[in-house]
Structure formats: structure tokens, C-alpha cells
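What follows is a group of structures, each given as C-alpha cells.
What follows is chain A paired twice: with chain B in the first complex and chain C in the second.
And then the complex of A and B:
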């Protein structure tokens, strides 16, 4: 391919680069100049992780054709400051706790730098506007805004409006500077996609476009002819077990006969470039026999519904029985019955799943973003039919997880391709792939019935929770167990009857996500407590005071709580702060 | 390859010659914040040549021309430049607001007003204010140049009369809102950044000398039709009437009845219709407020 030579200034140095007609600036900066502080979060100019300054202005480098920068000046995070001489923005981001996973940090700092260059004393509104093109999922923006305000003050030679005492000795009872802060604000933190190795191959995975289908045949003879493609693998190429799962081993790395959701992997390609790997996928022809699919968990529970797995669609049924439920409702003066639905949610960490795998003296080494290196290790060992001691998982700096990176994603495919080709292999999911193929927060259908005395004491609770666990188990049974135990929130009730189901459907996989099944329950029990309060003429505060767990209470599973129960204390603190707030309070 | 060649153009003439010599295999690109993303998602087009006009000096910048008769904006002027421009803020305020709300800061530094308009989206943040400002666009081809009103530009969702393989828009111009006039833009969206609007309403008002009558009113909205929309009937019935709250309310209701929005991810049709009324009212009130006219409900 014809390459064009361009000259540009990068961080005050004149550099030359060879680029293709369609090279994006982000690829030039990362792949050729080796400056990996600018990140690829979405590849579509939506998240701001790729922000760099071109002639002082922040731009999205992932959708910026590199040819446009010929003769111009680029500033990346690496040019802002270094470990010994941090820019005030970098210093304040660390001091104010504005850095967590660090993936969005370089972009945020560069957007802030451009703002302060133009407007040395911005208002809070102007700061928020300036960083509105940089998405963050961990820290949020409050601390970021504080950090920018503080560095504006420092740059103007003013004393900061909010100054925090630096720790002197020891760390107990003090705020300490986070250990990985400096690498994250200088662009030196190494995320999996930031690792480049000689002879590295790139992976792309062919995924099912159908929610439920039988694979009749896979024809990849055309791909075999492509010299740049080093491996095209399907289920039969897996040397060990093709089954994995953190609780139930029901998932296949590469589908054998059946695909169960849109995104189910079928084949994996390793090629010399990302583009070639993606292009090769288009030359694989899969003949599907499309089968009826089921998406609604309640439909999936009915007899005659399409069976997602052989053992039926009920993956898990968690029962909790306490006291005598009929007795409880008989004695109740007030009965409230409500049903609720909650939706699927995506973790949307700014760093898409990434892994790079290579063989090191007979040992498979995988650097990856993950929340579960040990689990990953055992599964990869099983997949490669290799002793566990021959697999090493190194957690790279991880750009947000929130439960979504507790499961496998990119790792097995990079490892498998590396094992087969003997070359280092990198696999980074595209944002689209990350959204449709990895686990999500379960969508729930919830049926609540609470009974209370006229004094407002909760005495009976029947709850049915139907969780859409999607095509594979993942953490489904554990999530639904937790939902069952959290069904009453912080409230005490002598007679409890809970059924929680994890139901297979042809929906994206439900997995772990922040709160792990508990957050779905809160709007239900809280709304009903309010309603009981209204019926009894009790304020939202009083109805909760009368029902909250206290030392000596038994939980739904009859655990006697002795101490460390924060519910009442939290309530009283909220009351002190003015809860329940009026609507105007939020405007 | 997402495209075959990418050429940075130095002049309008060079661009037109390239378009001509490449016989439909070339198209004009400016900021590319829409086009690049579209091409990334499409099948590769090795035969396509992109002609980048964003650094042609003649089509950049904002100026007052013909002794203050027109405000002229180069098509390759970025949204950030428009948002920050003193001229635009003084004489075409609605456009400055629209430009300041479009996309995100990193997008606004690159995206151009020309691209925003030529894309022909029914609720583009640059188009709707320009429509209310009764802007005209200069379309240039090898055959020559012509000024077209913005309304004439749009055919359907995503389709304008500008053929990107033959023609390019080089300038926009509109009459400055004078001392007795002003403009406003109301934007309803789920978030303040990174989002297309649920509804955009731009209003331009000119009052008589004593500021008691509406001399001229222009109202544009989107997305309430397949193309950016002017509420012509409302404009006609409001122009010449006395400035009263009743007249404003009546006009807003009339606008609501005339608008035909659709259901989409960003908002339901009914909700959008109701909000046309609210935003037209707010827009008119804001203009009057800026002109120092207080109106009581």
C-alpha cells in the first residue's frame, strides 16, 4: 500500500511519519509514535478518551484523518509533564482524587489544558462545558472539576480555594496519594492495548447475527488462502475444553452447533493487522438454520417455549421461606401488591475489553484487563489443556470493570490464537462488540406483595423475582440469590416467602454488575414502604423507623444481626440533612 | 481502506477541478466528524477520493460584508469559531447558541457549519438557526456559482440539492439582526453534550421602531418534518400584530398544530408537538426580553 510521508510537531519535537491515506491520527500517535497515553474508547468520536490537542485545540483523534496534521503541532499527555515535573493539572488530578481507572484521564487533562490556556480563570460552568466531551465512568466529574479549579488557581499563582493537607507520616486517618496516580496522569500507565510486541498478530471474532440458530456449516476456505491470515479457528481447533462459566460451565468459546444470542462467537481469525483480521471475517460463510428464539423470561418459563439449553430454561430457583406467610397476610390490616420491571444495563467502562497473549518459554502469558485473574487462569488452562502452572495472567491497568470484567471476554481468543500460531496476539473488542457480546445487568420482572399492621409494622412479604439471565449462566445464579436475600432491603419482617428465578433466554448474557442484583430491588421495597406509610398516616421517615433492622433482628434468611447495622443511623443522618427532600430541592 | 485517497485542498478552484476530473469518484469533506464515522461503518470504498476543504482560507471565517448588509460565514468555519464569534453573537445569536451546543467541544473544534447544513439532518444545530435567520448558501461548481435560500437546499432526511461529487457550498450569508431585532434558540435534549436534540426551535424577531408591533417574525424547528422546517403560517399571522402575550400564545399554539414530528428514540411525536408550543413561546419571550420589552402573562 502506498504510504505517504508527513512531518509534524509532536510534543515540541519535529517528527516524521509514514501514513496511509486513511490512517487516523490516534493510530499514528499510538502505533507509530508509540505514545499510548491517548486511548481508544469507542473509535467513533463519542467518548473523548482519544483527545489530543492539535494547534492547541482538543480534537477526537480517533476520527481525525492523520493527513490533516501535516505541518501542524500536536500535544499529547506525554508532552504535558513528566514524573519529575508534573503539570499543575496532573498534580491536582492526583491530589483531588480525580483519577480512578485512568483510562479517561489523559483526555480529561488535555481538554482542561486547552480550557485553561484560553480561559485561565474559568467558572465551574465553563469547566463542566469544557470537559463535556470526555466521558468518565469511575470518578464522575465532581472531583475532576475541583482538580481543574485548583490547578487554575495554582497556575494563576493563587492559593487554592480548597487546600488539602498533604500527608506527612503514616497513612492511617489521612488521604494518601494513590500509588498508580502518577503513571495515570502522565500517560505512562500500561493498559492491555498499550502493549506492543514484535510480530504481533491481531484478532477478530466472527459472531452470530442470529439470536438462536443451528450452525449447519462453516466455510472458511477463502480465508485460508489469505497470506496475511495466520490462523482461522473454530470449535474443533480448541485443544482442551470448549466449556466455561464461572458457576455453570454452559458457555462455549466458539460455538459448536448452536448459537444462542446475537454475539455468540463462532470463529476467530488472527492476522497481521486489525483491518485484515476484520476483513477476513467477511470471507467466512456460515450456513445457519434459524430457530425460534425466546426473549421474555416469563415466556421462557412456559411449557413449550423454545429451549435455550437442554436442561430447560430455569437455570436457578432460589427459595427463601421464613415464618408462616399465610398467617402473616391473615393478620395484616394493609396489603399492597405491586409489580415492577427493570431494564438491562451496560457497564460502559471507557476501556473496551482487551488482552495480549504470548508464549514465554512454554508458558502462556496473558496481559489483560480483568477483575478475575485467577478465574481467567483456570479457564484458559482448561481450554488449552495445559497445567495451570503453565498459564500466567497479568492484570494490566484496567479501565473500569464494574463487574463486567469479572467474566471472560477477550482473553481466551488471544490465548488460543497465540497458542496455535506461536506469535504474540492482541485482541481488543470494538465498542459495539463490547456492548452486544459481554455481560449486562440482569433485567428483572418483580412481583411484590407486602402486608402490614395498621401501626405500620411489616408482617408479611411475598416476592417473586424473575431475572433474565440471557443465553448463558455467567453470574446469574449468584445474582438472583443476592436479589432474593436483598428483596426486603433493610426492613425487618417475620413472615417471608421469596422465589427468585434466573431464566435462560436468547437475550444478551446477564452477569455481574455493581450491586449484584440488589439495586433492582430497592425501588420496589422503598416504593411500597412509602405506600404503607401513606395508608397508615405515617411519614416516610416514621414508617422506616418502625421497620428497619436493628440489633437482634433476623434477616430474611434468619441470620440474627448483632451489630454493625447502619440502616437506622443512615436514616437519622438523612433526616438531619433534610430528607425527604422536596422536589424543589433537586432543581 | 475506508477510502482510497485523502487530499487536502488549497483552493476552491483546485477542489472543483478535482471533482470534475474524478467523475463522481470524489467527494468533498470538511471536518469529517459525520462523514468519517459514516465511512468507518461502511464497506471500504477504495475508489473514493476525499477532498478536504477545511483549510482553504477563502471559505473560512466570519465577516460583515456590503456595508453591514450581510453577515457572511465561510462554510469551513468551525462550530467552535461560530460559538465564540463576537459578530455571530451580536448579529445572529441563535446560530452562536446552536454552534455552542452541537456535539462536544472536541467535535466543535473540527466540525464545520458547511458540513452541518449539507448533511441535511432535520434538526441540525447549525441549520435550524440559519433557517430562522433566512440564510442563503453559495453553491459553487465548475459551471459557476449560485445563491440559494437555505429552505431550497433540503430534499429529504439526509438529502440536499448539493451534489457532493460535483458541487460545494463555500459561504453562507444572512441579514444581521439589527437594533430592533434579535434571535434565540431553544434546545431540548436528554443531555447537554453528546446528544442530538429532541427538539430545536429557532426564533428571529424584529420589532417596529416603538417596539410595540412585531415587524417580522421567523420561526424554524426540527425535527418536526423530514426536512428542517419553517413555520411560515405562524410567521405570517404574527408579523404585523401587536406585541402581547395573547398573540405569542396564539402563535405558539398555531405552531404546535402545524408541526408534524415523528416518534423516534429521542422523543415521542406527541411530546414533541406539545413542546413545539412551549419552545416557540419561550423563544419569542426570550427575544422580546433581549429587546427590553417586558410582557406579562
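And then the complex of A and C:
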């Protein structure tokens, strides 16, 4: 491909770069200029993490052809301010708590800079509009908007008031500024994809296009002929165990005979560039025998359903039996039955999974984003047949997780390729690959029946929870167990009968996601509580107050609560600020 | 026509893994200048554990938080602290760090008591000093105490481990037992506006009150509440992975929509503090609970506004529109 040299101004310095027609500005500033503050979240101009300013205007550099910046002036986060001279936006983002994982932060700050340059006193709506192309999954944007308002004030010379009433001595109850704030607002925080090493190879993984199939044969002889490809590996190349999983070791790093969902890994390639690694995948020929698949968890529970694993599709059944359920319903004046469906949801952290692995004095070192460095260490050691003490996991700055980075993702493939080739190996999932291959929030089918007295006291609850846990266990058994323990919400009930099932299907894998089985339950128990209230002539507040857990209550599992029960206080405080109707029930 | 409604929803959430041990461990070293290093393998994924856990160590030792360095990111340096999940790190690892720091502090207090000729129990450690409670003018700086110890060949270190008090697994037949050492609680109220012509739902205000035991770092706790609510709004109204024949149909941010700054309402977070005696300084976890009741509050708010109950998430305009049509038919 023809490369040409261009000149441009980056952060007030004249720089030169070699580009081809398909070089994007983000590639240029990250790979050639070493400015890694601009992030690659999606590669499609959809998330805004790659935002930089071109002649003062914010653009998504991942889809902005580098050829268009010849002779123009670029501002990246590194040029806005540094540790010693923070720009007011950088300062306020830290002071106001607008920084969490930090992956979207540089883009958000630069979009805000462009706004304040042309509109020094924007309204809240104008601020929200200006940053609406910058996705943030951590903050809910509240503190981001506050930080931008505060910086606008500072730039206009207004003194911002400090509202927090906090202790001035000691350490508890003080909004201490986060220790990683400055690196995150200056683009200096190092995420796994920001690490570049000499002789580094890039990985790509061949994944199943079928939800359920037998692998008849894998032919990669054409790939072997490519000089830029340093490794093409399948299950037989794994030196240690090819089984992993945080609760049940039912997952294979590389499929041996069978694939169980669309995205199941089959082979991994390590090559000199990302593009070559991806191209090499196209030269692998897999002969599949398509097998019947099952996607609906209730169908999967039927006799004769296709078996996802050998021991049946019911991965886990958690029962809760408290009191006497029949007796409870017999005594109930009001009985309400409802069924619900919750959807499969994606964590959508803005940083896709990434890992870079290398050997150091006989030890495997893996830098990666993760929620579980020690768990990762144990699995990688098993895969490489190495003592755990000789595997080193270094958690790079991690761009959000929300449960999705508690499982393995990029790490084993980077580690395996590095182990085999002896070279550093980086693996960064594309957004599409990330969504296809990693875990999701379980979809639940929910069947509820609550019984209450005419005074509004909940006295019987029967709940059936069917969780689609997909092709592999991941955290499924634990999610369904938690959903059972959280099935009634914070309410006292003497008679409880719960069945929670985690069901294998050929669906994407259900795993851990913020709330871990509880967010699915709340729309059910809360809607029913309202309905019981309506039948009893009680307001939504009163029906909750009458049933709320209190000291001495027994939870669904008969745990007697003794202390630290702020349930009623949260109701009272929320009502005080957010309930528009009169309520006199709190004393 | 646009109609307003208010919905309330409550949640409770157990801290740590359900009914199984989930231990954390930590090392604390107090350096000769009275600053401290904490080693604890907690993955900070943005929630701010490196900061909050440093505050717990600082409070225990009686030094300023700026003098604590939490080293968490390297398994070759920091000991195991379990997974950052189950809203467990402030509660579980916070305790491990507190115990490690207490062990180190004992060494400091013992030395100070000997030198000042005071009883151990009469001393307190705060603001980088060890002083006599009844006579704060009589003190030694922690640096002075460390220097003295060093001269005698004693280094100031401590180790701690903690796992929540969940003594046994839940009974396999009845499910009864003690699954969690502590619970956090929350209430959210959503003010929604429903367009009866289109079924569109706008969340105007979201009040979120959460009992966190003791906020170690209030601004970080608010960040957890606001972020959790933000995800809850997306889960309630927008987000759905469409899977057909096992194939995800929307694997991108342009087809799987998550909330932008324009989709999230004004969020008012309220920190409620009902101290948890088993938590470090009364703290419980805050990571997950805020995203649990949001969808429920919105769904109840929609019922309050237009009298239809949506029984599946996400609550799209189409579902609300259809439910309104159905209700109209039944009513007329």
C-alpha cells in the first residue's frame, strides 16, 4: 500500500507521520505519535472515547481519515494540561467526582473544551447536548455535567461555592480526591491497549458462527504458509488444562469437538499486525456438523431437548422453603399472580477487553483489564501447567467492568500465544467481538404469586425464576441463588416457596452483571406490592412501610436481622424529597 | 397528551458472595516517616477502591489519607482479595485492611506508651500523632515512634484477613441459612412522563436513597448511586440484546443503545447511614444496589401516570402504546 508523509500540528508541536489512505487519525496519534490518551472504544465513531479536537472542533478520530488532517492543528488530552498545570476542566472533573474508570474521560473533557471555547456560559441542556456523543457507563453523567458547569464558572472568574459538610479531621466520611484522578484526566493512565512493546504480536480468535455444532475438522494449512503469522493454535496446543470457569469448569479456551454458542473460540492466530491476524482467520477452514440447538430455557428443561452439556440442561436449582406456603395462601385475603420477562442485557463498559502477555525470566506476565486478577492468575497457571506462583497478573487501568470483566476474556489467548512464540502478544477485542463472546445479564422468566391480609401484610410468596444461563455456567448458579434470596425485596414474609433455575441453552453466556440477579426481580415484587396496596386502599409508601424488614425480622432464608437495617430510613428520606403527595406515616 | 406519574421501589442487597467464604487479605507497612503502604489485591475498576481503602487504612492508623499508598494491581505484590464483585470490596477487603492496620498500630501504640510512660488504653492515634486522650498536648508524632522502633530493630507491619460471617452453605432442600454477613437497603422514586399518543416514557427525576452503613468517601458513594441509576434507566427503557437463533443482532453501540447524557434524568442521591457493626467503621457495600430498583420505580411510575402495567423489560414506547390501546378497548 502506498504510504505518504504528512505534516500536522499536534498539541502545538509540528509532527510528521506516514499514512496510507485507510489510516485513521486515531491510529496515527496512538500508534505513531504515542499519544494514547485518545481511546478506542468501538472503532465505529459511536462511543466518543477517541474524541480529539481538529482546529478546535471535536471529531471522532477512529473514523476520521488521517489524510484530512494534513497541515491542520490537533489537540489531544495530553496537550490540554499536565500534572503541574491542569486545565480547569481537568481540575473540576477530579474535584467534582466526574471521573470513575477514566476511559471516556479524555473524550468528554475535549468535547467540553470545544463547547466552552464557543459558549462560555452554556445551559445544562447545552452541556448535555455537547457531550451527548461521548458515552459514559460509570457516572450517570450527573457529576460530569456539574464539573463542566463548575469549570465554566472558573473560566469566567466566578468562585465556585463548596457545599459539602464533611468532617475536617480523620479520614472517614471525607470526599478525598481519588488517587488516580490526575492520570485519568491527563491521558496518562495506562489501559492495557496503551501498552506497546518491541516485537509485539497481535492476536485474533476464530469463533463459531453456529450455536451448536460438532467440529469435524480444522484445516489451517494455508495459514501456516503465511510468513507474518507466528502461531496458529488449536485446543491440542494448550500445554495444560483446556477447562475453565469460575464456578464450574465447563468452558474450553479453544473448542475440542463441540461449539455451543455463536462466538465459541476455536483457533487463535498471532501475527505481526492486527490486520494480518484478522486476515489469517479467513484462511482457516472448519468443517462443522450442525447439531440441533435450544435457545428457550423452558424448552431446554423439557425431556428430549437438545443437551447443551452431558449432565442435562438444569445447571442449578436453588430451592427456598420457609414456613408453610399452603397455609400462607389459605389465610390470605388478597392473592396476586403475575408473570414477567426480563431481557438479556450487555455491560457496555466503554473499554473493550484487552490483554498483553510476555514471558519474563520464565514467568508469564499478563497486563489486562480485569475485576479478578487472582482468579485470572489461577486459570492461566492451569492452562500453561505452571505453578500459580510463577504467573503474574498486572491489572491495567480498567475501563469499567460491571461484572463483565470478572470472567476471562482476552487474557488466556494473549498468554497462550506468548508462551508458544516467546514474544509479547497483545489481544484487544473489537466491540463486536466483545459483545458476541463475553457474558451478559441473564434473561429471566419470572412467575410470581403473593398473598396478603386485608391489612396489607404479606404472608405468602411463591416465586419461580428461570434464568437463561446460555452455553456455559460462568456465574450462573450464583446469580440464580442470589436472585432467590432477593426475590421478595426488603419485605418480611413468613411463608416462602422459591425455585430458581439456571438453565443451559445455546444462547450467549449469562454471567455476572451489576445487581447479580436482583434487578430482574425488583419490577416484579415492587409492582405486586403496589397492587396489594391498591387492593387494601394503602398508598405505595404505606404498603411498604407495613412490610419493611426491621430489627428482629427473618429474611427469606430465615436469617434474623439484628443491626444495620436502614430500609425504612431510605424510604423516609426518598419520600421526604421525592414524593409529591402527603404522607403522615413516619413518626 | 402527556401524563405524569410517580413510582416507588425498594431493594435490599446482601454483601459478598452468597453463602460461601469470600476472603480478602492485606499487608500494611508503616514507613519510617510515618507514611504507610497497603498491599491488597483489590481490582479498582473505576469505583475508587484504591482511594476508599486508603482512607480506611489511614483512619485505622491515625495518619492522613494522603500519606497512604494502596498497591492493588499486581498479583506478585498484593495478596489475594477476591473478585471485585458482589459489592464486597469496601466491606470485605476494607475489614482485611483494617485488621492489618490495627496490627501495625498496636506496635506503634505499645512503643509510644512505653516512651511516654502511659497506659496503652489511654492513647489515641490521629492526625499523624499518638497522644494521651485526656491530655492531647502530650504526644509523639508517628514518625518519631517509627524512628524509635527502627533504632531498636523493630519494623512496623501488619497482616489481616477477613471473610464475611456466613458460617455454612444454605440448606440444599430448604435454602435456609445465613447467606450474607450484612445487607444494604435502598429506595428510589421515579417521576415519569408518559406520552399517551406515542407511548414514549421520559424519566424526569430520580430520587435514590441508599443505606450504605457509613460513607467512607461520600462523593464516591454518590458516584456509585448516580452511575447505578444511570444503568438502571438504560435497563428499564432502552437496552436489549436481540438474539435470533443464537445470533446477536445488535453487536454495536449504534444498535444496542445505552443512555447518553440526554437520556438520563436529574438524579438526586441521598446517602443514608445506618452503621453496620461488622463493617469497617460501619461501612457496607454500595456498588450494585443502586442499579437494582430503578426499573421497578419507573414501571410503577408508568402505572401511576396511565394505569398500565408493563410486565417485561425494556419498557419500550411500543409496549406502552400497545398496553394503552388494549386498556382503551377494555375500557370502552
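Rule of thumb we're sticking to: the second predicted complex is superposed on the first by the 566 of 587 C-alpha atoms of A that agree within 3 Å, B and C clash if a C-alpha of one lies under 4 Å from a C-alpha of the other, contacts with A are read in each partner's own complex, and residues count from 1 in each chain.
Following the convention adopted for this analysis, a contact is a pair of C-beta atoms (placed from the backbone, for glycine too) under 8 Å apart; a residue touches a chain by one contact, two chains touch by 3 or more.
It should be emphasised that the depicted structure is a prediction, and the values quoted were computed from it without experimental measurement.
Colleague: A:68 contacts which: chain B (first), chain C (second), both, neither?
Modeller: first
Colleague: By the touch definition at the top of the document, which applies to A:132: first (chain B), second (chain C), both, or neither?
Modeller: A:132: touches chain B and chain C.
Colleague: Could you tell me if A:489 is touching chain B, chain C, both of them or neither one (first, second, both, neither)?
Modeller: second
Colleague: With the two complexes superposed on chain A, say which partner A:20 touches: chain B (first), chain C (second), both, or neither.
Modeller: Only chain B; A:20 stays clear of chain C.
Colleague: Which partner chains sit in contact with A:288 here, chain B, chain C, both or neither? Use first/second/both/neither.
Modeller: neither
Colleague: Per the overlay, which chain contacts more chain A residues, chain B or chain C?
Modeller: Between chain B and chain C, C touches the greater number of residues in chain A.
Colleague: Who does A:447 touch here: chain B (first), chain C (second), both, or neither?
Modeller: Neither partner.
Colleague: Applying the touch criterion given at the start, work out whether A:57 contacts chain B, chain C, both or neither, answering first, second, both or neither.
Modeller: First partner only, chain B.
Colleague: Figure out whether A:174 sits in contact with chain B (first) or chain C (second), or with both, or with neither.
Modeller: In the superposition, A:174 contacts chain C only.
Colleague: For A:436 in the superposed arrangement: first (chain B), second (chain C), both or neither?
Modeller: second
Colleague: Could you give the residue numbers on chain A that contact chain B in one complex and chain C in the other?
Modeller: 44, 46, 129, 132-133, 135.
Colleague: Report the residues of chain A in contact with chain B in the complex, numbered from low to high.
Modeller: For this pair, the touching residues of chain A are 1, 20-22, 43-46, 48, 51, 57-60, 63-65, 67-68, 70, 111, 129-130, 132-133, 135, 279.
Colleague: With touch defined as at the start, can you tell me which chain B residues reach chain A in the complex?
Modeller: 1-6, 8, 32-33, 36-37, 40, 44, 50, 52, 54-55, 80, 103-107, 109-110, 192-194
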